[in-house]
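Quick heads-up: structures coming right below.
Each of the next two complexes has chain A plus one more chain, namely chain B in the first and chain C in the second.
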Partner chain A sequence: MAVIAVAAGLVVLIGYFLPMPLLGEVRALFLHWAMILFAIALIVGVINLARVHWLKVARRQPGYINSLALILALLFLVVVVGYFGPISPVSIWIFNYIQVPLESSLMALLVVVLALGGARLFGRHLSLFSVIFIFSALITLLGSVSIIGFSVPGLDEFAAWLSRVPATAGARGILLGVALGAVATGLRILTGSDRPYGG
Partner chain B sequence: MSEIRCSMCGEPNPDDLEFCQNCQARLKPMQSTFESEQSDELLQQSSPEIQGNDQNDRRGEINQELPSWLSEVMSEPESPVEPGFEMPEIEQQEPDAARAELLDWLESQQLDEQVQESEEVSQGDEGLIGIGPLAGLTGVLPAEPDISHIQKLPSQSIKLQITEKQLAHVETLESVISEEGGYHPFERKPAPETSSVWRIIIAVTFFLVILASLLFGGVEFAYPEYSTEVLTTSQLIGSIPNGVPVLVAVDYEPALSGEMDAILMPVLEQLVFKSSYLALVSTIPTGPLQAERLLSAVHQEDYFQFKVADQYTNLGYIPGGAMGLLGFAQSPNQIVPLDLTGNYPWQNPALQDISSVADFALVVVATEKPDTAQNWIEQVKPLLGSTPLVMALSAQAGPVIRPYYESSPKQVDGLVIGLSDAVTYDNMYQRTSTATVYWDTFSLGILLACLLIMAGAFISALVWLYKGMRAASPKGSKA
Partner chain C sequence: MIQMNVSSPGLIGMGFVLLFLILMLYFWVFRKDKTTVVLREITAYQKLIRSIHLAVEEGHRVQITLGHGGISEMRGSSALAGLVLLRRVSDVASLSDYPPITTSGEATTAFLSQETMHSAYETMEAERQYDPESGLLTGLTPFSYAAGTMPIVGGDRITTNVLLGHFGNEVGLIMDAAERKGSLIVAGSEDLPAQAITYALANEPLIGEELYVCGAYIQENRVHTASLLTQDLVRWLLILTIIGGVILKLAGVL
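Then we have the complex of A and B:
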């Protein structure tokens, strides 16, 4: 198992450095297989999800009504989208008027939660960093809007500086850390030290 | 009964045993029958001279002739000889003639040396030769019979000898390892008390203010100033020829469609205005439907005269994440051979020359996730060649992706970040898309959120300080 995984990884990696036609073809083949496996895993995941909730319904476990709703919705969508097609008007209608409003509503709740959290932050923990946090958030928010006829001198420039210098510096550090972590993880898998596939 | 300690395992054994009860090692040197008998005869012949009463008389005479220090040595009592000890055969076989030539004082000293040697042998007879011509000698290499002597190996304990401290460390390590893979229920911390009244007040305030702004109009907010990345993006799109194929990735979840639709819309409108042929893809399963929804909104704008069937194809979902993107960038027509309608889109005149992602005139990626944006930058951008990569990002992903835009050479050629950039884009072309419609209400919501946070923070800080002062005062501490 480890030999196959390491060999596949090396072929794909070497394909980046050596522009050999044979390596390119092998690499493309591996990538194609990986995509097929990924798509099959998605289908297996859906089947497993349905099975878990079906068992919950069959055993009358607490909250089985929700599981029943999930199974019915899944069956309904499979039948409708399978019959009419993925971009048929019926499918688009279901997406536009059921899925998008539901997910957007959940996201909109964040406004209330975040505003309440920011308002009560000092009541829970008043420290230098909490003051800096709230101050930065307020400056950035206020700097992004401006009422006509009312402006605070230097506010826009300071907000732009906050988002371009400290925020970008932090993001750059995060990117470097992520890149180093990815290299280390890749090397561990290529050398067989880390075997997420088991074996 | 006297005991003999085994030289191999150290266990005491009765004197009459020949082999150790514990490890079966030989306790006594091995002797042949002939040698035993011969040694007995020699002992009988020599015993009158060594052990007889005349010896004491002779010692008395010698003592008179010897120096005082030697007399003291001779007057010391003889060291006891263990019962099981046998006199070395080489001494026992010494001829009487040779013994007669020795002086008496030397003979007696030799006897003392023999006794001393016998003690050493009895204490540790590991090097004592039992048989053969070297029998009785110690400290010599053993002869072949001793080497080939087969005996049961002494039993050794395999139990690891460790200290209590080491044992404690082992137990700690074992507990850490066992806990690592085990199930540990989370310690339920008491949830911070949050009054539901405050939640309701904040939610109702937001709802009423935004609804009033939408229905009756409200405060007018200034449009944001032009940013360099928006200018660059509009120039890039403006520089591509009309009617060329453009790849558009709609990679955002339906939950973020309120923001992302508004951000992507001005870019799409400019592309449609240039009669670009749009090839839509997505790396999330709901992306293709999102793209259809977005294009239907563009189609409703009459002034574009957008002919859906002739100006785009929906290539659908690309599975595999980063791997799928790499495969698609190398050979899009092999990875996605059919579009969502089941037709083969690569025979379309606009796409028939596409063999890799670099053959598109422009690549536009719309996403709210930094990870997705990074996948496009890292997997697709190296294969793009001179084809520009433009990204429409949510406000949360903007700061993470901005370093790619500000790097040299640029890994992202154009950026549209957040609603403010979308409004700027609209203003550049004197259009009124979704972002411009949202702008005043969006700004009012932000202002309201800032006011609520500031008011709440001020009150919370006062309460916190009051509690601290009350706890610090003697009266408060007593209470």
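Then we have the complex of A and C:
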């Protein structure tokens, strides 16, 4: 299995860098197969998800009512979207009036969680970097939103500079490290030293 | 006749990958007789190793969340790093009363997590004890994934939660659920907003490339150490290139 995985990976990688027509065709074929496999994996994944929740309902495990709701919602969606089509007004209505509000509510909850997390950061590991972190977040927030009766001269400009210069420089440094890590991880898999596919 | 149109960005890219590969092979082959490489201290990994062993001894469970990035995308690389950690945890904890459990928000990542654990059981010749339900797909959109993962990270016997993979802002909700149970939270992601959130909420955040080096710190594997040394060397080369470019630009050469 490892030999097949390594060979396929090498063909796709070399085809990416060296645009040879023959290699390009093989690469395109492999990617096409991969897309089909991803789609099948998605279907199997959904079946797996439904099975796990079904077992939870059957065994009356704690929180099984939530699992039952998930299975019913899944069946309802499969029937409705399967019958009317994914871009029909009914399907779009379900998305706009059920999915989007639910996710927006979770997003709103996240605001509170993050505000509390920021406050708890001082208690958890108070260091120079955590002080800089909170200070930068506060300055950026105050510089981005207008509060009635609260105006500090130069705050907007300072917040913009903070985002544009030190934050961007730091972000690029982190992204550089992440990119190198991604290359190293990819090469370890390509050489067969890491085998997440087993074997 | 084979036609080839080699673009210069393609050549530079291939040269970079080849350089990386050659350096990795060099560190792997020529450093094998050397004494152990001294690695920078990362407290997240020290605490994680201790916590994994404690979980095994005390009958607790380790939970690994691999995010919702697919392996076909750049953002899936962090999930692959998470799988390296999963393999190590599976090797240590699979035969305990409470083997590790993983959650993912993408089908291929979920299957890879199952395969990784299955492979660990196979190595230990205990394939029958493998439970496919320990590698769960908990949702397919970021927030549904978070909603599906929250009850699991806050589970009764879970004392260690590791979040390694691609996340968005929703990682805050997952970590909040884990924190309510007072479990150790080690978290890292390649996504910048997620990194900011993990810094604020995790007990032990992993910043930038730290999440990709878990193999060298936890497995003490020679290939991973070679890959870490290569990452460090190439980073210094890039820093020197950037500084050199700035100097040349200031001097009016570029």
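Quick note on the criterion: the second predicted complex is superposed on the first by the 174 of 199 C-alpha atoms of A that agree within 3 Å, B and C clash if a C-alpha of one lies under 4 Å from a C-alpha of the other, contacts with A are read in each partner's own complex, and residues count from 1 in each chain.
Please note the rule applied: a residue touches a chain if its C-beta (ideal position, glycine included) is under 8 Å from a C-beta of that chain, and two chains touch if they have at least 3 such contacts.
Computed from a prediction, not measured in an experiment: that's the story for all the values here.
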| item | value |
| --- | --- |
| Partner chain in contact with A:13 - chain B first, chain C second, else both or neither | second |
| Partner chain in contact with A:61 - chain B first, chain C second, else both or neither | neither |
| First (chain B), second (chain C), both or neither touched by A:187 | second |
| Chain B versus chain C as contact partner of A:49, first or second or both or neither | second |
| Contacts of A:195 with chain B and chain C, given as first, second, both or neither | second |
| First (chain B), second (chain C), both or neither touched by A:22 | second |
| Contacts of A:174 with chain B and chain C, given as first, second, both or neither | both |
| Partner chain(s) touched by A:127 [first = chain B, second = chain C, both, neither] | neither |
| Overlap of chain C and chain B interfaces on chain A (superposed complexes) | 34, 38, 42, 99, 103, 106-107, 114, 116, 118, 120-121, 124, 171, 174-175 |
| Residues on chain A engaged by chain C in the complex (per definition of touch) | 13-14, 16-22, 34, 37-38, 41-42, 44-46, 48-49, 52, 55, 63, 66, 99, 102-103, 106-107, 109-110, 113-114, 116-118, 120-121, 124, 133, 171, 173-178, 180-189, 191, 193-199 |
| Chain A-facing residues of chain B, complex | 192, 194, 198-199, 202-203, 206, 219-222, 224-225, 253-258, 285-286, 288-290, 292-293, 296, 314, 316, 318-321, 323-324, 326-327, 330-331, 334-335, 340-341, 374, 398-400, 402-403, 406, 418, 420, 442-443, 445-447, 449-450, 452-461, 463-465 |
| Footprint of chain B on chain A - complex, ascending | 24, 28, 31-32, 34-35, 38-39, 42, 85-87, 91-92, 95-96, 99-100, 103-104, 106-107, 111-112, 114-116, 118-124, 126, 134, 137-138, 141-142, 144-148, 156, 163-164, 167-168, 170-172, 174-175 |
| In the complex with chain A, residue positions of chain C that touch it | 2-7, 10-11, 13-14, 16-17, 20-21, 24, 70, 72, 74, 77-78, 80-81, 83-84, 87, 106-108, 110-112, 115-116, 118-119, 122, 132-133, 136-141, 143-144, 146-147, 151, 169-170, 172-173, 175-176, 190, 192, 195-197, 199-201, 203, 207-209, 211-213, 215, 221, 223-224, 227-228, 230-231, 234-235, 238 |
